[in-house]
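Following are the structures in question.
What follows is subunit A paired twice: with subunit B in the first complex and subunit C in the second.
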Partner chain A sequence: MFIVIIGSGRTGSLLAGSLSRSGHEVVVVEKDPASFGLLPVDFSGFEIEGDAMENEVLKEAKIESADLIIVTTGDDQINYLITQMAKINFDVPRIMVRTINPDVERMYRNENRIEIFSQISLLADKILSKID
Partner chain B sequence: MDIILVGGGKLIYHLAKKLISKGHFITIINKDRKLAEDLSKEINGTIVCGDATESEVLDDAGAHKAEVLVALTQKDHNNLFICKMAKDYFAINRTTALVNNPDNEHLFNELGISGIFNITDLFSSLIEQSISTDDITNLTMIEDGKLSIFAVEVDPNSMAAGKEIKEIDLPLSIVLGGIIRNGKMMIPRGGSTIEAGDKVVIISLPKEQAEAIKVFGGE
Partner chain C sequence: MNYKNLLISRYFLIFKYTGMIIMLAGAAIISPLIFLTVYTEEAHLAVHFLGAGGAALLAGALLYFYGVKNKKEDVELSLNEGSIIVIFSWIGAIIFSAIPFITILDMSLSHSIFEVVSGWTTTGLSLVDVTEAPNLILIWRSIMQFFGGAGLAVIALSSLLPVHGMGLYMAEARSDKLLPHVKRSTMMIMKIYSFYTLAGVFLYYISGMPLFDSINHSMAAISTGGFSTQVDSIGHYNNLQIEIVTIVLMFLGTINFATHYTLLKGKIKTFFKNAEIRFMISSLLLLTPIIMFFSLNVFYPTLGENFRISFFQLVTAISTTGFSTISFAGWPVFANFIIILLMLVGGGTGSTAGGIKQYRIYLIFKSIYWEIKEQFLPRRNISSNYLWRGENKFYIKSEHVKRVANYIMLYIFTFFVGVAIHTAYGYSLLDSMFEFGSALGTVGLSIGLISTEAPLGIIWTQTLGMFLGRLEFLIILYAGIKLFKDGIYIVKND
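Let's look at the complex of A and B:
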């Protein structure tokens, strides 16, 4: 698969490393070039430095041919805008997005094509499942 | 009508004043404590200090009973998010956002966020026009010409020259959007002085364009 990852923080880098290792074609978009340092040494994909909230930057990342985009920045508002850009401007077939504040999950209700990963809910579910 | 305005700065201040003068109930949400306090002294409305991207803050601001929300922050992602949240969580159907990046206008429209005012486009055409020598410049029309935005160079003999904005007798439906002096853009307030040679950006109905030109253009 051809996968575009937005954000090269701890989450984005971890995903990018694993996905490229398992044979996927990966492009990572990140505003702060220092964050590319978090990518593992064996990362074999592409790095695009730029603000993913700009259409031009997403185009440079070849978003138009992406099979999947994973939006991983640490800001719910930025993630929402990029997710909508991917859906409306570039018609990406599959979109995954990280959400920080669990309250934000409802924003993505009734959105087909968009899958949300709410870090706090996932963590809480995991912990709760161990207690019972 | 109950209207929520999000953001700060002169734009919010003037917009709130105008809307209140027309009998609307205004609630302003601003993150900055100092700004919120200043606004609360000057605006006869409710001021909420908080981050409007949080649904609790919108709730505190009375989003459940508001009919209109206007998001005017400098960040498109915040404006989009706030408007969408207002729609989805609080059933506010009429939302308007400031679009700072012209590329996003289409996206906002697709998501049902209306009345978008594209300030970057406006300012860049203004700065471009400020070099031109014409006294009156038509900048743009909105909604098929129902609202016009234009700039007038202030004539030394006009009744506006040398006066503060609040002293100038202008119909309420004429709004000043900016003053360009020596190539610099200023946001007008009631106490701002209009000087000869300034370019004044005016937002008005097309039929009142002539009246505005009379006041500033000196004819």
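Let's look at the complex of A and C:
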């Protein structure tokens, strides 16, 4: 699968490393070049330095031909904007997005094709399931 | 103590991969036997190839199973481990490949190693008498160049090795990525490479070259190797069509695989924007008339002949192939000097060629230009400088320029050391620069200095030069330092 990952922070680089190792073609887009250092040494995909909120940068990452885009930056507004760009401008078939503030989940309420992963909800669910 | 265990398990992983690559080299040594179906009279030579190949397969298998058995935990391969694997597998491949030359042609060890290093590094300097040598040996020389051109690690990654091999890929100086996955990149490289080689065989054949020679020359041209089956190389045929085919193949061989990929996808505009393509075209446009009208017009009075000869030798020098149509020994000093310059510059990064690489030279020229330009810009001006590389703009940071400048200095320094050794043996400065420049840039043109009578010191200096030039120095340094440091650590904490 051809996967574009937006943001090479702790989450993005962890995902990129494992996906690359298991044989997928991975492109990582990141604004701060220092963050590429978080990628593991055997990551063999492309690293693209640039602001993913610009169409040109997304085009450089070949987002039109992506099978999946994973948006993992640390900012909910940016994540929302990029998912909209991926969906409307580039028609990416499958979009995964990370949300930080659980309230934001409601913004994606009516979106098909977009899968949301709210880290706080996931954490809370996990803890709650242990208590019962 | 923990660190020591980690180190040791890393070395077992290194053993495992090195073993795999040496097994691959063993398979390569046996591959010339395919030609026995045609040259049945050489069947008695098969045992030599089977012996050498079998020994390599056995040694590789032993290393592999030793590594697998003792490996406890999975560790990642970084550039440093990659360099150790690459160095060891190259040395292994070289030693086993030399066996047929010793046993069949009765060559001395030093001469065989020279020949084999010249093959694997795609240089093309030769000590074998091609008129006497059996066909199996000739094809084995070409096969070495074919595999050496792509690189052992690249071939291994495209077929055998699992996906962890990023460090390996970087270590073999083939670091441009075509596709966002190392496995698919290497497979694409092998596809492009094999396709061009087959096309080359076909083109040579329809130009009137015998089939066996076509196969040999095509492999040697695309890999920018330059081993020939004739004493006077391509000049033997004295056929314009064959020379044109050779020029095209040499160009293809010297272009970065990533750039080829852009071209194959039909992006012709981006192709011509590429830094290396621009550099190569402009330097050939500039130097061909210079060498024609300032030096060789006395030698070759007709314009057509002058152009044909000058252009061919310039392309063979800049592509670091080493085919020739004339003898350089009688050429004017100025023309030979231009050839030396081009041999130092060399081909494209991430291609099969050697030398400093056009990209690095182009970058340094550009950076001088940028520095001058910035001097005249307003004080608060901010500019970002870029080059075209592969399909994309590549923004240049001063860190990158520093690394490139260091590499060039290291190259020039090694060049001078090698030239000094040659002059110490009593050769003229021009001959020394020509021969060592040719060895270090893995070109293979010769001014006539290398022969079976050459002193052993010269043979080994050139062997080392070819090895350093092919694997780009730093990798060898990294591997050496890493081995040394780890060795000390393991011994101390025993």
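Simple rule for what comes next: the second predicted complex is superposed on the first by the 132 of 132 C-alpha atoms of A that agree within 3 Å, B and C clash if a C-alpha of one lies under 4 Å from a C-alpha of the other, contacts with A are read in each partner's own complex, and residues count from 1 in each chain.
Heads up, the rule we're going with is that contacts are C-beta pairs under 8 Å (C-beta built on N, C-alpha and C of every residue); 3 or more make two chains touch, one makes a residue touch a chain.
No experiment lies behind these values; they were computed from the predicted model shown.
The superposed arrangement places subunit B and subunit C next to each other on subunit A without a clash. When both complexes are overlaid on chain A, the residue A:6 reaches neither subunit B nor subunit C.
When the two complexes are overlaid on their common chain A, residue A:60 makes contact with subunit C while staying clear of subunit B. In the superposed pair of complexes, A:46 makes contact with subunit C only, with no contact to subunit B. Once the two complexes are laid over each other on the shared chain, residue contacts for A:16 go to neither subunit B nor subunit C. Legend: residue contacts after superposition of the two complexes on their common chain; A:25 is shown touching subunit C, with no touch to subunit B.
When both complexes are overlaid on chain A, the residue A:38 reaches neither subunit B nor subunit C.
When the two complexes are overlaid on their common chain A, residue A:68 makes contact with neither subunit B nor subunit C. Superposition on chain A places subunit B within reach of subunit C only down to 17 Å, the least C-alpha distance between them.
Touching of subunit A by both subunit B and subunit C, each in its own complex, is seen for no residue at all. Across the complex, subunit B meets subunit A through its residues 53-55, 75-78, 80-81, 84-85, 88-89, 101, 103-104, 106-107, 110-111.
Those residues of subunit A whose C-beta lies close enough to touch subunit C in the complex are 2, 20-27, 40-46, 49, 60.
Chain contact summary for the complex, subunit C toward subunit A: residues 76-79, 163-167, 169, 177, 179-185, 392, 395. Within the complex formed with subunit B, the subunit A residues making contact are 53-55, 75-78, 80-81, 84-85, 88-89, 101, 103, 106-107, 109.
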